[in-house]
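Structures for review follow.
Okay, so subunit A shows up in both of these, paired with subunit B first and subunit C after.
Coming up: the complex of A and B.
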């Protein structure tokens, strides 16, 4: 059930009406039923996969919860015993919790690896050894990377004692399967989402209408901008020999706009649908193209994935015993290098893992490595930049900030092009052609029509991007300092624009959201 | 407490780690130091600091950091 299908619109209308009408204390049960229907629509086997993931998380969570309770009971009953004895008990208890966590994470992350990487591994083995093994056809549930990471985060939080293990299996099932976030996130935390997911308060009419407004904004981005430009991007990347140089640059630029409109549009629909049901999901973007460095860009783009990797992989890894020993050894040789070693090693590992999370392809591994290297190199060059800025008085000027924003946009766009070209070599050749065979005349003479875009398409897309820029200035959720009447008028205008200029209906194949495949 | 002061002093010998009250807010320690402190605390006290503990108020002084570690040890 695609967000852009008529089926989803009908489904959403029924669910929102039912949520509005049903007694608030039953609302979360209704939401769970809707989530089960949503996922069952994608296939019973996908629903079964999700159910097994939830069941494993529930059992593991309860086991860890019981261990926490035993520890609490022991510590409160043994206040007069020596600290060493109490600590020894806590350590044994923690080791038992760790075994439960490791077993469950092995199963759910192992399953994720299997569904994403089996075909790739078999293909690689065939290429390497000249064998003709047939890759098994494995199920690939929609949003599997998202709900697996969300579930894994819950388990790690329970292990750490940051949240209590949920006693209600149905409540945990709703957390893992809440349908607006199943398609492409955001990746929520139990501690945040459970605050509103199970709320027994009546839905606030302000929230309801703000949610609808956000949904309309999401469809505007997806149908008016993303789906209109994606065909042009595909034309460029499918035939890099013909569309090289200036065309490659244009394709990479259009892809930046397309992916932004597609991904943030999907997230707007998810956050809007949730909010109209009285549920607050975490924001996933904060004007990423305004970033002045790669590190800042990744604090603004796909925020919930970045914080997931930071909290559950980067910190534990950078403070792990092997990296601590490596750091101490390096500090003996060079103090400054010693403190950087664990951070850089963890940064590169996290970025490789982030690439692997995105998909089974060398392109994503190289994409992850490139992001990690850019961030590490930027950090290493920071003192140099600082001296340069001080010497020429550039650091705090608006002009330099603008330069840094454009530089970051270009750099991240080049790295992002690994998403769209078929193969790492092809990507690098396309990027190289921008330098060696730019030939702007090709684009000037051929124009957008060579890419399958009419002048009208280009004008609509440009106008829509302008609308987004203006809309963005009104505040992140589009409701700041605006009267209810004006909000309604703007939303209706945006809806009208979407209906008139959106790429949908007969003759259009409403595309999947790009992030669905992850 | 002495071990905490030793950790901070090893990272920044130029400061008086026992009395400084603005290690994080004053920009004395940076993100590299935070990672080193987490690693050293784990090695010396067998205490794991997670992202939820990484708040400036916990890292502003040796006393605040020791209070955090001691609380987690119990």
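Coming up: the complex of A and C.
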């Protein structure tokens, strides 16, 4: 059930009406039923996969919860015992929890790895060894990366004692399967989401209308901007020999806009749908194209994924025994290096994992590595930049900030082009052609029409981007709260524009969100 | 409470009005080329009093002239047809028509029996977009949709036509408030002549049996007529193409006999009717022109009167006479206008409208 399908709109209308009408204390059960229907629509086998994931998480969570309780009971009952004995018990208890966590994570992350990587690995083995192994056709449930990570996050939080293990299997099932976030996130944390997901308060009408507004904004981004420009991006990337140089630059630029509109549009729909049901999901974006560095960009783009990797991989990795040893060894050579080496090693590992999470392709591995290297290099060069800025008085000027924003945008766009070209070599050749065979005349003469965009398409897309900029500014200025009449009028106007200028229906290959595949 | 509701209600009302206006602007007006898209809708503005309802595709709305049936025989009739109207579309359109009036005779064009499954969205649109919202419209859409079509786009056509902002023309503005009539009681006048030439060799078919779905709806049409006290007459119109195969003819004859109906193969009766495919067709034998349609009507009129004891309504009611006098005047005026344009330009240039 795609967000952009009439079926989903009908489904959402029914669910929102039912949520509004049903007694608040039953709302979460209704939401769970809706989530099951939503996922079952994608296929019974996908639902079964999800159910097994939830069941494993429930059992592991309860086991860890019981171990926590045993530890608490032991510590409170044995205050007079020797400290060493209490510490030894805690250690044994933690080791037992770790075993449960490791077993469950191995199963659910192993399954994720298997469904995402088996075909790729078999293909790689065939290419490498000349074998003719047939790749098994494994089920690839929609949004598997998202719900697996969300579930894994819950388990790690329970292991750490950051949250209590959920006693109700149905409640945990809802947390893992809440339908607005199933397709492309955001990746929620139990501690945040459970506060509103199981709320027995009546839905606030302000929340309801704010949710509807957010949904409309999401469809505007997806249908008017992303799906209109996607055809041009595909034209450029499908034939890099023809569309090189300036066309490649244009394609990469258009993809930046397309992906932003597509992904944030999908997230807006998810957040809006949840809010209209009285549930608050975490924000996933904070004007990423206003970032002045790669690190800042990643604090603003796909925030919930970034914080997931930070909290559940980067921090544990940085504090892990091998990296601690590495740090100690490096400190012996150079004190400053001793501080930086484990951070850099963890950073590169996290970015490789992030690339791997995105998909089974060398492009994503290189994408992850490129992001990691840029961040590490930026960090390493930071003192140099500081001296340079101080010497020329650049650091705090608006002009330099603007330069840094444009530089970051271009750099991230180039790295992002690994998403769209078929193969790492092709991507680098396309990027290289921007330098070696720019040939702006091609684009000037051929224009957008060569990319399948009419002048009308280009005008609509440009106008829509402008609307988006103004809309974003409205939000930042805090004017959103000024007038209900204005809000309503703007939302209805946006809806009308989406209905008329949206790229949907016959003649358009609309539908899937780009992030669905991750 | 009332004050709190004012804003949402006013906003919703304004939005719906704007939506309706934008939808009207963007929907095809069928005023510059494909005039058939107006046929189904024109019926609703008619006075609903007809002894004969013709139901079917272009083999009726381009071959039978209700004006000639009135002028010559006092039979008030209407053709409820659209391009490539499928059997189930005819059924639901007839069901809708019978809610407005009860004709004595229903004439159904059997060419549609050759289609057993939905065919094309374009023809579905020409048919269903003109229908008023009713259970029949919903059912006909449900039965006719091809792959990729969405039911909701027939309820809210803006969802289908939103992309027409690229191709808006003067006609979209000129006919925003409503188009001109293109038919005379469902009949489209063409006064030009293009003689029939050699027809393509009819392809051999793997199976000459009409489909089960088509038969099922033909049964429903027959039942519906029976329930409403109307006599059903099955006709094959005198059009040379698509080819009407012998086995098809046989099946229709058998069906009619089995159900106690009349079946007329008017193609086989072309000579008796006096049709000359060198002068009575405007597109090489596919459809008749107005002269051919008048000949066919001159044949059908006495047949309908005698076989089904239809009365001559002329002089029965002054209002009815007046209505038909106006219709005949418009009919004649369009024939004259087309004739003039053919004489001046060798073809019809603008005289496609019935008013």
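Worth a mention:
Keep in mind that, in the parts below, the second predicted complex is superposed on the first by the 514 of 518 C-alpha atoms of A that agree within 3 Å, B and C clash if a C-alpha of one lies under 4 Å from a C-alpha of the other, contacts with A are read in each partner's own complex, and residues count from 1 in each chain.
Methods note: a residue touches a chain if its C-beta (ideal position, glycine included) is under 8 Å from a C-beta of that chain, and two chains touch if they have at least 3 such contacts.
All figures in this text were calculated on a predicted structure; none of them were measured in a lab.
Clash-free side-by-side placement of subunit B and subunit C is the outcome of superposition onto subunit A. In the superposed model, A:442 lies in contact with neither subunit B nor subunit C.
Of the two partner chains placed by the overlay, only subunit B lies in contact with A:343; subunit C stays clear of it.
When the two structures are aligned on the shared chain, A:148 is found in touch with neither subunit B nor subunit C. In the superposed model, A:310 makes contact with subunit B only, not with subunit C.
By the touch criterion stated above, A:489 is placed in contact with subunit C alone, subunit B being left untouched. After the two structures are overlaid on chain A, the closest C-alpha atoms of subunit B and subunit C sit 44 Å apart.
When the two complexes are superposed on chain A, none of the residues of subunit A touches both subunit B and subunit C. Interface of subunit C with subunit A (complex): residues 7-8, 11, 14-15, 18-19, 22, 26, 121, 148, 150, 152-153, 158-160, 162-163, 165-166.
For subunit A in complex with subunit C, the residues that touch the partner chain are 6, 10, 454, 456, 484-485, 488-489, 492, 495-496, 499-502, 504-507.
For subunit A in complex with subunit B, the touching residues are 75, 83, 86-87, 91, 160, 162, 310-311, 315-316, 318-321, 323-324, 327, 339-340, 342-343, 346. Residues 11, 31-33, 35-36, 38-40, 42-43, 46, 48-52, 54, 73-74 of subunit B are the ones that touch subunit A when the two sit in their complex.
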